[in-house]
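Below, chain A partners chain B and then partners chain C, in two separate complexes.
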Partner chain A sequence: MAVYKKTYRPYEGALTGPLARLLVIPRYAFEELHRSRFLSVFFLATFLYPLISALIIYVQHNTSALQLLNVQNARGLISINVTFFLSLLGWQSAMSLFLAAFVGPGQISPDLANNGLSLYLARPFSRVEYVLGKMSVLVILISLMTWIPGLLLFLLQGYLEGWSWMADNVRLASGLFFGSWIWIVLVSLLALALSAWVKWKPAAGALMFVLFFVTSAFAATINAVQRTHWGNLASVSYLVGTIWVQLFEGANKTTNGAVFFRSPIGEEIPLGYCWAGLIALVLMCLYMLARKIRGAEVVR
Partner chain B sequence: MEPVIELDDLDVRLAGRPILKKLKAALTGRSIGLLGPNGAGKSTLLNTLLGFYKPFAGTARVFGRDIRSHAREVRGLIGYMPENEAFIAGMSGVRFVRLMAELAGLPREHALERAHEAFFYVGLGEVRYRALGTYSLGMKQSAKLAQAIAHGPKLLFLDEPTNGLDPPMRTRMIQLIQEIRDRGDLRLILSSHLLRDVEECCDEVLILKDGNIAAFCNLEEERRSNRRFLEIETHGERNGDFLAAMEKLGCETAPGAQGRVKLVMPDGLEVRDLYEVAAAQNVQIRRLDHKRDSLEDIFLKAMETPNGRL
Partner chain C sequence: MSALWMRQIGAVMRLELKRTAFSKRGWWIYCLAAAPVLISLMHWLMARRLSRNHTVGEDSVVFAAMFVWFFMRGSLFFGTMGLFSNLFRGEMLEKTLHYYFLTPIRRELLVAGKYAAGLAVSLALFIPSVALSFLLLGRHFGPAWTDYLTHGPGLSQLGSYVLVTTLACVGYGAVFLVCGQLTRNPMIAAAVVWVWEGLNPFLPSLLKKVSVVFYLRSLCPVEVPVPPPFSILAVETDPSPFWVAVPGLLTVALILLIYAAVSARQGEISYGE
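For the complex of A and B:
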């Protein structure tokens, strides 16, 4: 019907399914993000490290390229091993933290600021679906930055080195995948929880950094003052790093964590405590979201 | 007529406080008014029907679907215009309504088309590309109505739709509501503390007081019965003859002081007949009122009931 026919008419067409409705939220969010030139450039820039890594892998397996560059001995300079992939994950995760600090706070707070949430939840759409829809924005972005390029590099290395290398190092692939997902879930939930509770976006973004960097400094202070290493429990980055090392190397540790999550050897806290710490943080984020994501607030 | 909403001992408690107390009613009207003073539980009832609050005991059904077990389905039938400001500030009006229509299940292209239509319908066609944050209060109210109807719901919840509107905007809003009601494609529930809004838009009214049903009446029937009830003031020597003549025509009469008479006219007799009889008896009718048991009377009576219970 043409818009000039100003009358109300009921809708009798087909309706979309629940999954299509869930994907409406990320689609709108990506359209918004696409308008920010800074975010688009930053996001593209995050592919620089995986691109350089792919180049290194390629050059390492291309004798003629090494000869052309007159660096035949370069093959021994950089090894494609645990450290290579763990460093990739560490760097990309740090970049994703920056991205989440910019993108995350804008996810829920605009809906809460003017009571828009009640309109979302008045539709055939649950609170869980709302959170999943909002979370999927960060999940897609961080996946594109972490495990997807990581696994592509792993496949490239496996293709060039031989299938036996892949079989011997399958733990790297699983480490990349599961390590990334731990990070993704943690950062996404944290960003959403802060977005729900802190309406001022810059403050919510700043809090993300506080949580990762200031808690590390706080943990180091506790360790120094109390002459213990249990203070590391307060450092989110330490907890994640410890779990990553376990995922990548199991019991046979050769590294002490990725670039941004280094911890001195001999000062590790048991893995179970690290898992418990992260699970507690995730549960806290879920609780914060459950308190705020409501169609109508109960005035006590 | 199929009940729109059935309240089955609905009991709602918020933060331990009882807000709705064992409500029991079957609402069948085309447009139902929820009346009550502030804090009576009108918005809580709407929020409970939308699934925002869980019933403490009892339940409710919307078009026969239980709100406890079919919450998603129920929400799929409803268009909701909340009482408070509700929008996403940075979004343009039409994009916002399109988003809401898509979330309600409309495919992308239909949602866009209907968002434009809804904006034109509520009179905001010219400003549909402006950010919602820049709208005036009246425009925001209209935008809320647009998002509530864009997906073509079967039931419309309007929570204080004329809040903060100036008289011309209020009139426009009431006209829109009446138009939607008269098309008969959907049922509507209008929650308001303004008697006039409810009286102008609704044919059935549920009055709440302190979380109880204080009164429930069919305004249409009230209006029909009141139409036959007149109060007149006469002047003339043959007043008694006039009353006798009216009684012969089937009127019930009750004479009062100073020529005042209360009359209940039988079906088929018109006001014109009254004047003709008066002229024949040489009696002047100097004042004539349709004595109405107005919504205000009903409301005030309901407010007098102890504990707000029927």
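For the complex of A and C:
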């Protein structure tokens, strides 16, 4: 071929489907995660709580098991109610925060630190697809920890207790599902935004904890010093806890959340403000991602 | 210790201070240090305008709670983590640690210089933060607050809080220096330490003593109870006396630093891993 004909020619063959392209990122990410023994063990350990919960549900409905354990009266000891499922969601979400703090910061920062982002975006792969691909890693992992075992437990309880229980408590299932998704979106975006802005992975992971736990302490400090409840707006766990309680119970509140996600009675702030706080946080994360996820960076 | 060693430690410290102190990377640590000061300032300004029905004593209890739950569990812990674990690990990531290792300086002195720099920055950030928060919190009481400081227990309490802050920086600093040196991801070690320190009120007496926070809380002038609903799980233990808490923490920090120095002496760099 003559030299003058050796110019740039775009690829003209068939492209893989958009979904297949999107799944390339999680595929490689999971391979890498699988190599970390600590993360694998930690991830498996997070299923301990749902497993114990499943055993409790099973034993509660198995008369012979109760007789065998000589605890026939234990049926009423642990009630399978809103507190049971809210605690499950709270505990699993707290574990997922730890997982996100370990996994999340490694998602974007290496691409940015090594100028690898252009290699993604030079392909038929948009910025949104890149973020969604990176996010899917956390979404899949946290889903496996939160709403999937939650709904399986709900189905197990419904199967053993009867259809009427399921019909009466359908709000628990919807609360589990939507409550988990609120948490998943929030944590995933937070982890990715911090990963994009803080190049040092441990610092980004530490910031996840800071945003979650230190903001709670900060909120409690504002409340104590200013003798108010509005400091709770600064606490991510409070905002999530309040919305969860609303999703699980509606207006007839009997609990104040679970694990770290609590809205103490007497310290309530209107639900609309909680939603506004979370939406503001999500929008801030999206803005942070939009600022950093660019094919070319202008260095001044 | 020879004059040369002191000069070398000083040189490392100066270099580290340039790198660590007031760098853009540490913005979140400065926020952690500034946040309580802002709250106290807000309290002062708002309480001056609106007459609030609370006493000096109530404000001192509020500060004690702020110190335990915000400073000790939050800003001091995460702040020292950010500063000290970055001293070695940050250089590993930037692939600059070998420049230090190629200089004719004992590795022990390198560890000492880096630790001294981290300690200087953390003290420079958190001691003013604690002192200002304390002083501003009750400022709106006017002469009553001045009286509380000069003739009451105010200054003594402030001294105790400053001492606890210093010891926290020394203790956590040593822990995180070792974490940053020995682990690829100091976050994992820090998370373990954080959970362990958080569980401290609920642990049996013997296990409580295997932590930094137990000794720090023993030195706090005002006791802060564990809030409900967790209070039912808390295990009451006698606080450690001053003569045990202070030398104990310093000894633990020294042991950790010696360990870090020995590790640095035997350390080899492989950036590729």
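Following the convention adopted for this analysis, the second predicted complex is superposed on the first by the 283 of 300 C-alpha atoms of A that agree within 3 Å, B and C clash if a C-alpha of one lies under 4 Å from a C-alpha of the other, contacts with A are read in each partner's own complex, and residues count from 1 in each chain.
Basically, a contact is a pair of C-beta atoms (placed from the backbone, for glycine too) under 8 Å apart; a residue touches a chain by one contact, two chains touch by 3 or more.
Not measured: the values here are computed from a predicted model.
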Partner chain in contact with A:Gly13 - chain B first, chain C second, else both or neither: first
Touched partner set for A:Val210, first chain B, second chain C, both or neither: second
Which of chain B and chain C A:Ile279 touches, first, second, both or neither: neither
Dominant toucher of chain A (residue count), chain B or chain C: B
First, second, both or neither for A:Phe102, with chain B first and chain C second: second
Which superposed partner A:Asp111 touches (first chain B, second chain C, both, neither): first
Touched partner set for A:Arg21, first chain B, second chain C, both or neither: first
Touching both chain C and chain B, counted on chain A across the two superposed complexes: none
Touch list for chain B against partner chain A, complex: 14-15, 43, 47, 50-53, 72-73, 75-76, 78, 80, 82, 84-90, 99-100, 102-107, 110, 113-114, 116-117, 120-121, 125, 133, 147, 149, 151-152, 154, 179-180, 183, 185-186
Residue numbers on chain C that touch chain A, as the complex places them: 25, 28, 32, 35-36, 39-40, 42-43, 46, 52, 54, 62, 65-66, 69-70, 73-75, 78, 81-82, 85-86, 89-90, 93, 137, 185-188, 190-191, 194
Interfacial residue positions of chain A with respect to chain C in the complex: 38, 98, 101-102, 200-203, 205-207, 209-210, 213-214, 217-218, 220-222, 224-227
Contacting residues of chain A [partner chain B, same complex]: 1, 3-16, 21, 24-25, 28, 32, 110-111, 113-116, 118-126, 294-296, 298-300
